[in-house]
Amino acid sequence: MAVHSAILRFRTRGHGHIVDLTEGVASVVEAAGSPQAIACVAARGSTVAVTTMEYEPGGIHDLTEALERLVPVEGDYAHNRLNHDTNAYAHMRAAIIGPSETIPVVEGRLALGTWQQLVLLDFDDRERDRTVNVQVVW
Amino acid sequence: MAVHSAILRFRTRGHGHIVDLTEGVASVVEAAGSPQAIACVAARGSTVAVTTMEYEPGGIHDLTEALERLVPVEGDYAHNRLNHDTNAYAHMRAAIIGPSETIPVVEGRLALGTWQQLVLLDFDDRERDRTVNVQVVW
Amino acid sequence: MAVHSAILRFRTRGHGHIVDLTEGVASVVEAAGSPQAIACVAARGSTVAVTTMEYEPGGIHDLTEALERLVPVEGDYAHNRLNHDTNAYAHMRAAIIGPSETIPVVEGRLALGTWQQLVLLDFDDRERDRTVNVQVVW
């Protein structure tokens, strides 16, 4: 048994910027070298989320629009009023989607579908330096 | 320590078909044979999700209706326009709910509530053969 | 390798009561004593969810309002009609957010952001005794 630990770092644009994590996580899984394992992928921060999606321009556009419709950037939000802040919407979107996914590693590879990528969604309303922790455990 | 790895396969109807995974995952946990562990349950594909719910006709109906209200099947979606596709809504629903849950195994059993089942939600707009990977790690 | 297993217990007020789990989970991680690991945090029950958020009054208020707008307490819900129940909304919210998060443990500590707390959301419409299972695996 072992834990193979790695950190992926990204400069994001915020405002819902979606970053494809798949290649980075796959490299960590390869370095871990175990044929059977799990890969826990988690973003640090309360305005950022991790999920999977087909990473293509249409889907990116649609998800962005849907989240704007469900939890709009503009609104009479207590987080903004109480903290003199502007990113309340980002906190809500991140909490609903959640910060982590854990993906099986089978025959040494992430058990994702052909059109399924691991992604980071940065909802904050400015550029951010983001940290994603990857733990491969077997 | 060990990883016990299994694959569950299902033929789904798509269109939000919800499949109860609990018995299948419980069998994998039993075969693993460890009293203390975690069970990672993840669906392959970008139009399918995993979560827990009380698997009963009322709740299935309500969740289906709520998701149709929040992310309708019909809409002017870029994924459909750009890829000559019809399942943009399925991609968005799957990304919001997410593809994986990891459930503790305590005293050899999944730590679920009495009325809490692990479920697969297949949002695609046609029948699909689906693969769920289960990794029990301890 | 080992699994360190613990149970956190809470009396909640229901009605969307959000409980900060961070200190409790951090204590379990410390007791586990492994510098590199993962911490799986999962709530038992089909009307309760686990995620992360900045645990502050504004954000708590906003998330509560957003969930009421997205999945209202009142509605013509089949779960309530068929089961003579009143908490259909709670089941839907819990299924959408999901019951578990798995957080890396790095250098002996939970890899959370400074303003990011692990939380339990109890959506049921009455007081509940809730159980959260924490498994630290390495």
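Chains: A, B and C, in written order; residue numbering restarts at 1 for each.
Keep this in mind: a contact is a pair of C-beta atoms (placed from the backbone, for glycine too) under 8 Å apart; a residue touches a chain by one contact, two chains touch by 3 or more.
Here the structure is a predicted model, which means the values were calculated and not measured.
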Copy pair subunit A, subunit C: interface residue numbering same or different (half cut): different
Angle (degrees, nearest 5) of the CA superposition of subunit B onto subunit C: 120
Interchain centroid distance [CA atoms averaged], subunit A/subunit C, Å: 19
Set of subunit B residues in contact with two or more other chains: 1, 70, 96, 98, 102, 137
Complex interface listing, subunit C residues touching subunit A: 1, 34, 36-38, 51-54, 56-59, 61-63, 66, 70, 96-98, 101-106, 111-113, 115-117, 119, 137-138
Of subunit A, residues touching subunit C in the complex: 1-3, 5, 7, 40, 42, 44-46, 70-71, 77-83, 88, 91-92, 94-96, 98-100, 102, 133-135, 137
